[in-house]
Structures are given as structure tokens and as C-alpha cells.
Amino acid sequence: MLDLAQIYNGYYFEKSLLSIMPEAVLIVFAFLILLAGLFNSPSKNSLNSYYLALIGIAFSFLYLFMLSDHTIKGFYGSIIFDKFDVFLFTAILLSGFLTILMSKNYFDTRSVLMPEYYSLVLFSVSAMMLLVASLNLIMIFLSIEFMSICAYILTGYLKGESRSTEAAMKYFVLGTFASAFLLFGAVFIYAATGHLSLYKIHNFIFKQNYKVHYAYNLHTFLAIGLILLLVGLAFKMSLFPFHAWTPDSYDGAPTPVTNLMATGIKIAAFGVFIRVFTSIYHFDVFNFYNILWILAILTMTFGNFAALLQTDLKRLIAYSSIAQAGYILIGVIAGGYYGISGTLFYLLAYVFMTAGAFAIIIMFENLNLTSVDIKSYSGLGYKYPLAGAAFSFFLLSLAGIPVTSGFMGKFFVFSAAIKSGYYWLVFIALLNSAFAAYYYIKIIVKMYMIDDEQPNIPNNYNNMAAAPTNGTGARASANGETGLVKEKAVPSALLIAVIICLIFTLILGIFPQPFISFASKSVTSLWSI
Amino acid sequence: MNVNVNVNDYLAVASIIFCIGALGVLIRKNLITIFLSLELMFNAANLGFVAVSEYLNLISGDIFVIFIMVVAAAEAAILLGIAIAFYREKGAISMDKANELKF
Amino acid sequence: MSIFLKYILSIIIFFPLLSAFILVFVNKKAEGLLRNLATILSFAEFVISLFLFIYFKSNTYEFQFIERFSWIREFGASYFLGIDGVSLFMILLTTLMTFVSLLSSYKYIKDHVKEFVILMLVLETFMLGTFASLDVLLFYLFWEFMLIPMYFIIGMWGSGRRIYSAVKFILYTLAGSLIMLFGLITIFILHYEQTGDFTFNLLKLYNTNIPLTLQIVLFIAIFLGFAVKVPVFPFHTWLPDAHTEAPTAGSVILAGVLLKFGVYGFFRFAIPLMPEAALILTPIILVLAVISIIYGALVSIVQKDLKRLVAFSSVSHMGFIMLGLFAMTAVSVDGSVLQMINHGISTGALFLFVGMLYERRHTRLIADFGGLAKKAPILAALFMIAVLSSVGLPGLNGFVGEFLILVGSFKQYTIFTIFATSGIIFAAVYLLWMFQRVMFQDITNQKNEDFKDMTFREIMTVLPLILLMFFIGLYPDVFLSRINPTVVHFVNIIEHNKYAYNLIKAKMGLFNA
Amino acid sequence: MNSKDLIVWLIPFFPLLGAILWGVFGKYLKNYSGYLGSLFIVISFILSTVIFFMVAYGHGFTSTLYPWIDASYFKVNVSTTIDRLSVVMLVMVTGISALVHIYSIGYMKDDKGFARYFSYLNLFVFSMIMLIMANNFLMLYVFWEAVGLCSYVLIGFWYEKKSAVEAGKKAFIVNRIGDFGFALGVMLIFITIGTLNYSTVFSDIHTLPPYLITTIALLLLAGAVGKSAQFPLYVWLPDAMEGPTPVSALIHAATMVTAGVYLIARCHVIFSYSPDASDVVLIIGGTTAFIAAFIAMTQFDIKRIIAYSTISQIGYMFMAVGIGSYAAGMFHLLSHAIFKGLLFLTAGSVMHGMSGELDLRKMGGLYSKMKKTAITFIVGGLALSGIPPFSGFFSKDAILASLFNKGDYFFWVIGELVAFMTAFYIFRLIFNVFFGESHVDKNLHVHESPNIMTIPLIILACFAAVFGFIGMPPFNHSIFYNFINKDFANSFNFAPAINNYPWYLLSAVSVIAGLTGIYTAYVFYIKKSFDLEKLKSKFKPIYDLSYNKLYVDEIYDFVIVSPVKNFSIFLWRVVDTIFIDGAVNGIAQWISVTSSKVRKVQNGMLMSYLFTLTLGVIALLAYYFVK
């Protein structure tokens, strides 16, 4: 394999360029897409840009692959490319890839043809990658903003849809508000330590192991700074008190964008959080552990409770993603080799199951341009058996039932947590996932089981065989396809997305060996682990 | 002379400005005003950075400030876009209008 | 042949999955084909599983047909299969019951045949895997996914409040097994901390020595997981609903196999992993078991719905099994293992008959029947046999198991045993009363006038079970001789821990008696 | 397997074969089932007589078929013990069964369940034979239950009749209650002695502390009481008369109900080591004998009267084995089997002639219409009332004598009293049925039964007439005594009928008791020298008590049945539905309510979101710095 590191050896600038190669490629392609927009007709245009975007992702993957076993620092140590990045980049690129696959069909059916869309996606993906790669508060802030700005635009992308705009607006205000906190936190950290580079801050704190009597205000500053920084990151991770944007913007945004936010942004946020946490938060002097402890519990409990009675599927998944964030956070708290690698694995698994779920939601949204309201799902399991089965599979994975990646993720994270002695945390988490199962199952019930109101009447004899007088699709579907919407052909792109997600969810669930070892390899490149 | 005091004062002022900004965001309804308050918060941060980097004779803070300004500008652009779109649909840019998405 | 025997367990486990996969490609309109194919394949599966029985070495407690491959290195989980005397028969029971229930559902399952047969076969795979796996994580994987097909079977082909029942079933069991997972992981971690060896190998985990208090906590955690499945007294309320609303095949599998998992779990995991805790908590569990026996029996007396009655009766029977297991003498454990098989057969058969009645009359209320014996003598006769075997009439299978259980537990837990023994009276009461009201007396309900007797298929469905009832009743040695070594080993483990337990008892002054 | 074993195993084989054949292929073998079935039984009767002589002129032996249960330290074989006790029973059972089978061919001729009937009957014979031959307590228990099952199905043979089915169920469940004790006893034996084989158990029983022996004995007794319809548990037997009459003859008179006595005789070692238990047996026997006779005096259903007399006769047997004179008990068992079988069959014949009529108020003067039946019936009656030279006299006399000699004068008095009552009620029956003016409604054509039914009657009658002589008093010098007692020799408190009182005085007393009974009946029902109605009103309370069977059924229903039922309903409706399910659903309810509250947090207002966020920040800071 041709070794770029050797070629550019010695030239500092190229080296630092090399360190951001995967991101850079994406950005280049994003610009290409914009340029292409100038030259040809909108209809062809969107198609081209779609392919360009895919190619871009592919190239980025290629670079990632070629660089995978190097550790390159660039831009005066503010950006690093290491094993940790390799793993998270993979996840992020995957989520971007899946998003793009979903997008085409989604926007085609809504006849929104805009090449910028894809470039924006690429931009935001690259921003996420930068965020993960950054070792410096400046870089963190910049990439967060970069990412967020793209996200704002994408959220409001459906013109004329007031929901979309509203979502964008809320997201914008809240996001900016949060990053203001982050900034101000940075100020305090800067004031306390005089550094903006995580590495330096780490060393600074490490050298003078704080006693409270020594330099009290410094310690206070640092603490305040860290907390505010935490707020900024927690917002992106959508932990409990800072979660408010999640449901609304997920709901309002175009579904592919929701997918991007649910997977990509979450991964990036957790990635950077892990980096920051492992470098500067983990010191005992601050003991942030019980804060996170509480946050985790609040987050998962809130998420599940709010999701329980939810009828709008996108919102439901939004809330469930909040709950998932809680579970993932447990891994971070557990820390250590197993904790972090478990977390990474969970993130990867999370990409596939969430993306898969969204893909199916889009499919149903398009097939019978219904709302994403759960009612419209009744009996879909019969109308589209395979899609229904796949959807149930993803939902079960989200619920954490075995042979799905969701279970394995939970399992790794929880066992790591128990290993570090967080018995109660795990216990509560388990109770949570027990009753979280209810609302995932509720959807499956809707899809497959039509509640016949009058009990003591065997459905097999009356309802299922009954003439399709009753409105719901499934009963009709039960006796042939009579009186049903004609099945449209499922668009290939979506199908590919679903299949990919399905395969990986299954593989991660049954044979996680390579992935977990990949994750644990990537963990080694973090400090203080 | 005691430098510590100065920088602390700077920071105190910055914090006050920040809080004012935050309050503005919280209590105002008009989108533009809210954005201005956000800017205020950002600038509070800027002030802090400048003061600290001055005090520690570092340059990184100042660099950060420049970046922040750029970002703020970009955000202004976005906000205007959103605000216009919002106005198109709701006929106003008051927060109260934005209550379609809930629960 | 040798290669076949080497991987026989995997073959047995995954053959149904393969069959299901084949069935995916059959056109869903061709229902007859689907049914026949599924039945034939499951029968083939049963035949394959008989090889286990043939090649099983009956004079050792060591695990046999062991297969082992690395699975998740980081967490020391491996694909580790193997069976002993107990799991052998559980596997045979599973394959048989699946075949029977598929055969039984030709008429009952009218729609979504394809989905149904596929789900049944998938379910079979996971049940078999659960019985065969010696790796805790693997076990849990099979254990918990098993719920899903069952849940679909209840929810899609059930009757009445089937959705309520299905959801209740899955949430109950899910909650139980998640708490259990907590316990299992904790033991795994403890073992790691003691030996520095990250492994889910059950046989290694047996050597973990867990501090007593923690042991008790964990035992309770795992107890919940299994007790829900059994079900033991306060955790039983999902069972009547699930049984009642499930389709016949579902009930048969549920009663025949799924309930056994709880006891099997205790036998394989809970007790050997935490013997001291088990010994300390034994009195409480026995109280629960005895309550289940009498409670189940009493409640079944007054049931109006046939299936509900049988469901509660199996609560009572499972109580016997728990009693036998936790009395922890070789005889009683022998008995309860045998009784696991018996209960599977008898209660399975009962559900089949109830299903037949239901197919003919679309009702399960006892009051709607009566005088059927005149119309359907064969049905009456065979049903009678099933009832009597469930009553525990000597000469049929039920008796041997119950008697061994009671005789084994008598010495140590006399009072419990006496109460439990009273269960045999009640069993006679509710079952015979039910039978009388359904089969005997004059035909009160005109709808019963054109009541059809059993078809050939139906006879074939129950015949294996009926024959087994007699066989086990008259010559149980075939089973006991294979079960016994395992059980004796199990009891020895406990006895070995008795010493430590007595020390603890002395120290903590537990139950001075 | 040598010839001996072969013969032994062939005895139960034939009935079993019959049971299976008629059970499975009944539809096709309908017409043969009767004759073939009887043939099978006859064969096994012949075989058992062969065995009988083998044992009589040789000695007992055991023979094992195959190991049944082998669970670590719990081992039981399927094997038999053949000794004098069992062969005597074998001959009796097979003999009477054979007769009953033959009789049934006529009796059940045009019943649609003909084959089913014979299959059940053969099954019963098989079970009974195995019960007798069993050589360990588990097998005993197994076939103990099995005969119970047979009686269940045979009582409920006409399953369209609710009363029949109810009776069957009652019989089974009441027996179960007894067997509950029995089972416990068996377990206790196992855990104390470590095996269930008769020989070992009986040889080791003395090593146990007395209280254990007593417990075991009493538990076994519970089983015996249930099966033999003794005092607290006798209620099922009268109802059992719902079954076909031959069944009543075979199962509920001759064989099954006496299994209790057989059990005690079989376990005489255990009982003889526990005087207390023996006393309990005695008391139960006495009480039952009296109560049953007392009730029998006022009943009108002829079968029920005979049923009650069975109960009271078995009471005699219990008294006998209670004082340890097992030989006398067995002797009475055998003779009773014969004459009670006879009585039932004749009653059946009467029913057959009267086309199912059972109420003796609707009969009378049948003597002329059915002579054979009448005569045989009277023979039976005389035997029952203990009039020499009929068998009843000898056997009852043996019991009474041994009671007297044992010094249990109280029970001896009761015995004599019962003897009187017995004679009274049976002749009340006879007079009302066969003599006096006829109350038969005119359009009912009364006829004598066919020969196939009467021949067995005659055979039995002859036996009833002559059988007794093998027990010629003084009993302890009689043939039977010398034959059977070899098995009872090892029971220490055995009470021989020592002749410290001349036996003929005692016999005279009981004969007089019998005769007075008969005479009273004669005075009441033939000469009518008293106004019965006045008598009734005079002794109304006693009469009602007797007429209503001491209200025992009502009491049981009030004390046991309905409380259990209500308690069950309570458990189901309250504990299960309200408490447990209530708790579960309550949690679910709570969760959903909470979640509906929680959702309100997301109220869509940006302001509130911002506030939550800020509050979060403040909370974090506060938490961090406050603590």
C-alpha cells in the first residue's frame, strides 16, 4: 500500500495537511458539488451531486484506510490523527454515507432538488471529524460551530414547512446559547491554566496536583471552566437538562438530516467528550464522576419516560436517542480500557440501528406518504413483510434484545461499569432498559397485531378472516392484498442502506469480535488510559 | 502593583456581561434581540480571552477571539436566513409563534 | 459419522433455523406445502436429536458432545456447547414438542401460516441453544431472544386480550432476565478479579467464591430471572394470561418447554454458582414452592376457562418441581428432572386437547361443554389418559416424578412435603371435576350435538405423548439411568458446600433449628 | 423365569390382555368381549388355584419381573410375593370375578358400552391381582390407586347420569384423601427403613422407635379406611351404588373394599408392634359397624342397604384385625366376599327383573315371580345374619369369640348388637321384597333372570352354604386357621380364641342375636303387629338420624367442601387478580401517568427550553460548589 506518510516525510505543512486528509477530501468534494451546481440543470444536478457526495465519502474512506496505522499531529498540535480517530471517523463517515443514501429518495419524492444539500452534508461530516480530531479548545469550538451551522441549515432545509423552520430556529438559538457557555468555560480554563491545548492543560493540572488551599481561585476557575465546557458538550450529547433541542429539531428536520443528527453529531460529541474527559476531567481533584453519574441516570430515565407515550415516531426515536445517550455515558463513566472501548462499540452499533430505523421510517414515509404517526403503522408488518421485519429488528436492537448489536453494546458498557464498581448505576440502567422495551415493542405491536376491541372472540376465526370492512390495512392484508394501496417499488438506495444496517446490526450482535478489538485498539491512543 | 486584581476584575466584568446576555436571551421574545444578547455573551467571552492573554502575555487567546468573531459573523448570516424564513411562515419573528413542535 | 457426532449439537441447534430459512423462499400462498414442509423438517430435527440419546454415555456426569470455539476474546466469551443427562432430555423434549405443536396447528392457524411456521422453527433453535450452551453469555443470548418469537406467536395468533398478554409476557420475563443479567455479569467480573481470567465459561465460573452477602443479593437477582419463568407463586400472573390467549401450539411450547427454563436455570446456574446462598434461601423458596402447589391447585378448582385451569394447574406442578429441586437430595432432584419431562408431556397434551375442543366449538368455557364422551369416545379416552397422568395416577408418568420428589424431600422438609402431598388430592379434584363437566353427563348445549371425534392427524399428534406417558410410568429407568449421574454430581456439589454453609449458619445464627 | 414365575405372571397377564383388547378394539370385538373376558378370568382363576395348591403344599416365594424405578438410593422392582395370604386372596378374587363376569354377560347384554364395560372390569381384576401380589409398598400403592381408578370409571360407567359421575368422582377423591395418608406412610417407611420391600420392612420395623411405628401404622390405616369405606370416609360407598350392580358386587362388596383389611393383615407386623394403632383400628371398626348397621335399618334403596351392610361387615373385619386376630378377619373377609357378592348379584337380578327398580316400597311378593333369585337371596341373607350353617355364622362367630376372649367385652356387645341389627335390616329387605303383598305397579312385567345370571347365583349360594365349615369353631383348631395362620405367627399380640369360655355359648348368643333380628323383622313387616308409623313418630329423632344417614354428607359439605371452594374463589378473585396483578398493572399505570407528566416538560416554548438549560447550568455549579 502506498504510504503517504513516507512521501510527505519531513515537510511540516504537508504533514499537518496529511493529518486532516480525510476531512479535507470531504471539503474538497463539497466544493466540487457547489461548483458542479453552476454548470448543469438542477435535475441532473442533484443526481450528480448525489454521486459526487458518495464518491467523496468513498475517497475519505480510502484516505482513512491508507493512513489508518499512523499517528499524525498537525497544525501545531491542535489536530491529531490517531487510532481513536480512525474508529470514530469510520463511524461518522458511515453515518454520513447512510444519510446520503437515504436523502436522495427522500428529497426526490418531495421534489426538493438542491445540490447544496449534499455539500452541506459533506461539510457537516467533515466538521464532525474535525471535532473528534481536535486537541485544542479553539479547534473544538470552531468545529462545533462549523458542524452546528451546517446542522442549522440542514434542519431548516425543507422550505415552506413551518415545522422545519421552527426546528431550525429553536436549534439555532439553543445551540448558540450552549456554545456561548462553552466559550465562557474556555475563558475560565484559559485563565486558570494559560493553555488552550488539551495536552498542555492536562500536563498543567497533572503537574500541580491541586490542594484546595493552594491557589484556590485557580482551582475555582478551572472548575467553573470545566463545568461550563461540560455544558457545551453535554448539549451536543443531549444529556438531560440540556436535551431540550433534541426532540423538536429531530422532529422538524427532514428525516435524513434527523438521522445525521442522531448518529453523526452524537458520535462526534461523544468522541470529543471522551477525548476531553480522558485528558482533563478525569482527575480526582474535581471528581466529576458523580455529576456524570447523576446526569446519566437523569438522561436515560427522562428519555424513556418521555418516549413511553410518544406517538410521533421521529420524536419517539429522538427521546429514545436521549435515553441511549444516557447508556452510552455509563461507558464513559466506567472509563478505562473496557469502558471506553465498550462506548465506542456502542456508538458504532448505535449508528447502524438508528440509521436503519430511520431508513425504514423514510421508506414508509415515502411509500404511503403518511405522517410518521404511529397510528399509520398499524398492519404495515403485513403489507411490507420484509421492511416490517427489518424495522422490528432495529427496534429490538434499540431495546437491547440479544443477537442484535444493541444488546452487545449495552452488555459491554454495563459490564465495564460493573467492573469499575458502579453497581447501582447499572442496576438502574437495566431497569430503564426493561421498561424502555415497552415503547419499542408498542411499535411492533402496531405493525403486527391489530387489537380487536371485543375480547373472547378468537381473531383467527373472525377478524383475520373477516371481510375488509374494517379500515385498518392489516386486517385487509390478512386476506390477500385486497383493497390496499398498491405496493410501490422500494428505491434501491434506501434498500441498500437498510440492508447494510441490517447486516451490520446482526454481525455486531452475533460476532462482535473484530469490532470490539478494533475499538479497544483505538482506545490505546488516548492519554491516561 | 497587583495584577491579579486587574485580571480578576476583567473577568468579573466579562461574567457580568455574560450574565446580562444570558438574561437577555432568556427574557426577550424577539429573535433579533435574542441574537444580540447571544452576541453579547460571545463578546463577554472575547473580553475574557483578551484580558487573560494580555495578562499572561500569550497570543493564543487573541487568536481565539478572532476566530470567535468570524464565527459570530457567520452565525449572524445564518440567523438572518432563518429569521426571514420564519417571518415568511409566521408573519412575525416572536418566539411565541414557535410552538408547533411540542411534547 | 464421526464428524456428524462431533458437531451434532450445532447441527441440532441450527437445523431448525436452516429449515426456517428454507421456508422463507416458499410462496406464502402455498399454505399446505408450508405446513407439511415445516412439520416434516421438525420431525427430521427430532430424529436427528435422537442420535444424542443413542450416543449418550449414561454412566458419567461429564458434559458430552462438547464443542468450543473462541467468540469474543476481549470478554472471554466462547461458543461453548455441551450436554449432560438433564439437558439431553430437555433437548429431546424440545424437539418433540415443537414437532407435535406444529402438527397440532394445521387447523388452528388459519392465516399468516408462513410467518407462523418460521417463527416456530426459529423459536426451536433458540430453545435448543439455551439448553445446550455452557457459556453464560451464549446462554443469555439464546435465553432472551427466545422471548421474541414466543411473543409474536402469542400476539399474532392468540385470541381475546392477546396483545395485553403478549406484552405482559415479554415485559415480565424481560425485566426478570435483565436483573438476572446483572447478576451474571457481576459474577463474571468477580471471577475475573479473583483469577484475573476473563471468561464466561460456566464450568470455570463455578469455582468463583463469592462473599456471602453479595452472594445472597446476586442469588435473589438471578432468582427473579428464573422464578418468573418457572413461575413461582408471586411471579406467576403472566402465565394464565399468556397460556389462555396463546394459540394451542404456543401454549404447548410454553408449557412444554419454556417453563422448564426456569428450573433448568436454577439447576445449571443459580444453585451451582451460589450454593451457600441457595442453601440459606432454601426455606423461603420452598415456602414459595409449596404455596405455588396449593395455590395453583386451589385456584384451578374454580376456573371457568379450560386453558386457565390447565395454566394454573401447571403453576401447581411447577411448584412440585421446585420443591424437588430445592430439597436437593439425589432422589428429589431426580424426581423433579423427571417431572420436568412429565409436566411437559402431560400439560402439553392437555393443551392439545383443549385446543381440539376449541377448534371444534370456538369456546374454552367449561360450561359450554358437557356430554362430549358420547360424541367423541376416542377423544374422551385419550383426554382421560392425559388428565390422569396430570393427576399423577400411578402407572402413568406423573406419578413417578411426583413420588420421587416427595419421597426425596420428605426426610429433610417433612412439613413442606406433607403440604405438598395434599396437592395430589386437589389435583384429582380440579382435573376430574373439569373432565366430568366437559366430557360426561348429558349434552346440555345443542352445539355439541354434532361434535366430531378426533381425526387421524390429531390422534397422531397426541399419540407420541400418550405412549410416552405410559412408557415413563412403567419403565422410567431409561430416563433415570441417564439423569441420575448428573443429578448425583449436582447434589455432591451442594453437599460439598454444606460444610461451608454450616459454618456460616453457625456464624450468623441463621434459622437455628 | 421358571414355570412357577411364569404361572404367577400369567395370572395378571390375561386380565390385562383382555383390558387392552376390549379397550382398543372394543368396537370390533364387542360380542366376544363378554365371553372371552370371562374366559380370561376363568383361566387366571384356574392358574391361581394351581398356585394356591403349590403354596399350600409347598411354600411361598417371590418373583421379579424387572427393575422399575432406580433413582440413586431409591430402588423399586416390579415383583410379587406369593404366600398363603396372597394366594387365598387370589383364589377368592379371581373366583368371584369369574362369576361376576359371567353374570355380567347377561346383565349388561344390551348395553352399548358392553366392550368398554368388560375392558374396565378386566382392568380392575388385573389391578386387584397385582395389588394382592405386590411385594413392596410402592407397587401396593400403585395398584391401590389403580383399583381406585377402576372403581371410578365403573361407578361412572353410565356417564350420562350426573349422579353416577358425581358418585365416581366422590369415590375417587375420598379415596385420594385416604391415599394421601397412605402415600405419606409409604414415604415414612422408606426414609426410616430405607427400602419398601415387605420382607425387609417387616423384619426391620421393630428397630424403629414406637411412636414412628404407630405413625406409620396410622398413616397406612388412613389408606385402609379410605379404601374400605370405614367410619370417617365411608361416605363414598353408598353413592357408589350408582354403578352397574355386578360392579357393586365385585368391587364394592367382595374385593376392592376389603383391600383395607388385606392391607392391615399384610402389615400385621407393623400393627402388632403398635398396640395403639391396633386399638384405633378396633375402635374405627366398631364405630363403623354400628353406624352403618344403624343407617341400614331405615333405608329403602335395596342396593344402598346392602352397601351399608357391607360397610358394617367390614367394620367387623376391622375389629378383628384390630385386636390382632387376623385369621378371623381374613376368614370373615372371604366368607363375606362370597355371601355379599351373592346378595348384590341377587339384588341385581331383582333389579333386572324389575327393570331397574330399587325402592323396596315398590316391591313385595316377588318370591313367586323369581324363585331362584329369591332363594339364593335368602341364603345370602341367612349367611349375613349369621345363622348356622351358613358361612356368615362361622366367620362372624370367630370374630365375636376372639373379641370376647380378648376381653374387649364392650366391642363384643357392640358386635352382638350389630349382629342383631344386621339380621333385622336384611330380613326387613327380604320380607319387603319377596313376601307380603305386592306394591309392584301392574304394567311392569316381572320376570326371572336368564340362566347365565342365575347359575352364578346358585354357585355362590352353594358356597355361602358350605364355605363356613373350613372355619368350624373352635376357630383356632379349624382348617382355615391352621392354613392361614402360618403367615401371622410372627405377630406377637395375636389373640387366639382361647376356650376359657365354651365356644358354643358364645355361638349361641350370636345365633340368638341373629334370630331375634329376623323375628323382629318378621313381626314388623309380615305380621304387622306394630303400627310402624307410630313407632317412627315415637322415635322420630333417632329415625330421622338414621334415615338421613346421620347427616354426614351435609356436615362434610358444610365443614370442608364449601369452605375450600370459597377460599379458592377468594384466592383467585382477590389475591391473584387484585393484589398481584393489581400491583403489576398499578406500576404500569404509575409509569404511564408519570410519563404523561414528564412529557409536559417539552412544551414547545423556546423560553422554557432556555430556562431548563440555564437551570441545569446553575444546578451543576451549585452542586459542584455546595458539596
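Note that the chains are named A, B, C and D in the order they appear, and that numbering of residues resets to 1 at the start of each chain.
Basically, a residue touches a chain if its C-beta (ideal position, glycine included) is under 8 Å from a C-beta of that chain, and two chains touch if they have at least 3 such contacts.
Treat the numbers as computed from the prediction; the structure is a model and nothing was measured.
Common neighbours of chain B and chain C, by the contact definition above: A, D. Steps from chain B to chain D, minimised over paths through touching chains, total 1. Chain C has its Cα centroid nearest to the centroid of all protein Cα atoms in the structure. With centres defined by CA atoms alone, the chain at the far end from chain D is B. The pair with more inter-chain C-beta contacts, choosing from A-B and A-D, is A-B. Centre to centre, using the average C-alpha position, chain A and chain B are separated by 27 Å.
Chain A and chain D have Cα centroids separated by 78 Å. Centre-to-centre spacing of chain C and chain D amounts to 38 Å, using the average Cα coordinate of each chain.
Averaging C-alpha coordinates per chain places the centre of chain A 42 Å away from that of chain C. Multi-chain contact residues, meaning those touching two or more other chains, do not occur anywhere in chain C.
The residues of chain D that reach two or more other chains are 599, 602, 604, 606, 610, listed in rising order. With touch defined as above, residues shared between interfaces to two or more other chains in chain A number as follows: 169-170, 173, 177, 247-248, 435.
Each chain pair that touches appears in this list: A-B, A-C, A-D, B-D, C-D. Residues of chain B that touch chain A in their complex: 7-8, 11, 14-15, 18, 21-22, 25, 31, 34-35, 38, 41-42, 44-45, 48-49, 52-53, 56, 58, 60-61, 63-64, 67-68, 71, 74-75, 78-79, 81-83, 85-86, 89-90, 98, 100-103. Residues of chain A touching chain C in their complex: 338, 341, 382, 385, 396, 401-403, 407, 411-412, 414-415, 418-419, 423, 426-427, 430-431, 433-435, 437-438, 441-442, 445, 448-449, 451, 455-461, 464-465, 478-479, 511-513, 516-517, 520.
The touching residues of chain A, counted against chain B in their complex, run 137-138, 141-142, 145, 149, 152-153, 156, 159-160, 162-163, 165-170, 172-173, 176-177, 180, 183-184, 186-188, 190-191, 194-196, 217, 247-248, 251-252, 315.
For chain D in complex with chain C, the residues that touch the partner chain are 23, 66-74, 138, 141-143, 145-146, 149, 152, 156, 159-162, 165-166, 169, 172-173, 176-177, 179-180, 183-184, 186-188, 190-191, 564-565, 567-569, 571-572, 575-576, 580-581, 584.
Those residues of chain C that touch chain D in the complex are listed here as 168, 172, 234, 236-237, 240, 295, 298-299, 301-303, 330-331, 334-335, 371, 373-374, 381, 388, 393-395, 399-400, 403-404, 406-408, 410-411, 417-418, 421-422, 424-425, 428-429, 432-433, 436, 439-442, 474-477, 480-481, 484, 487-488.
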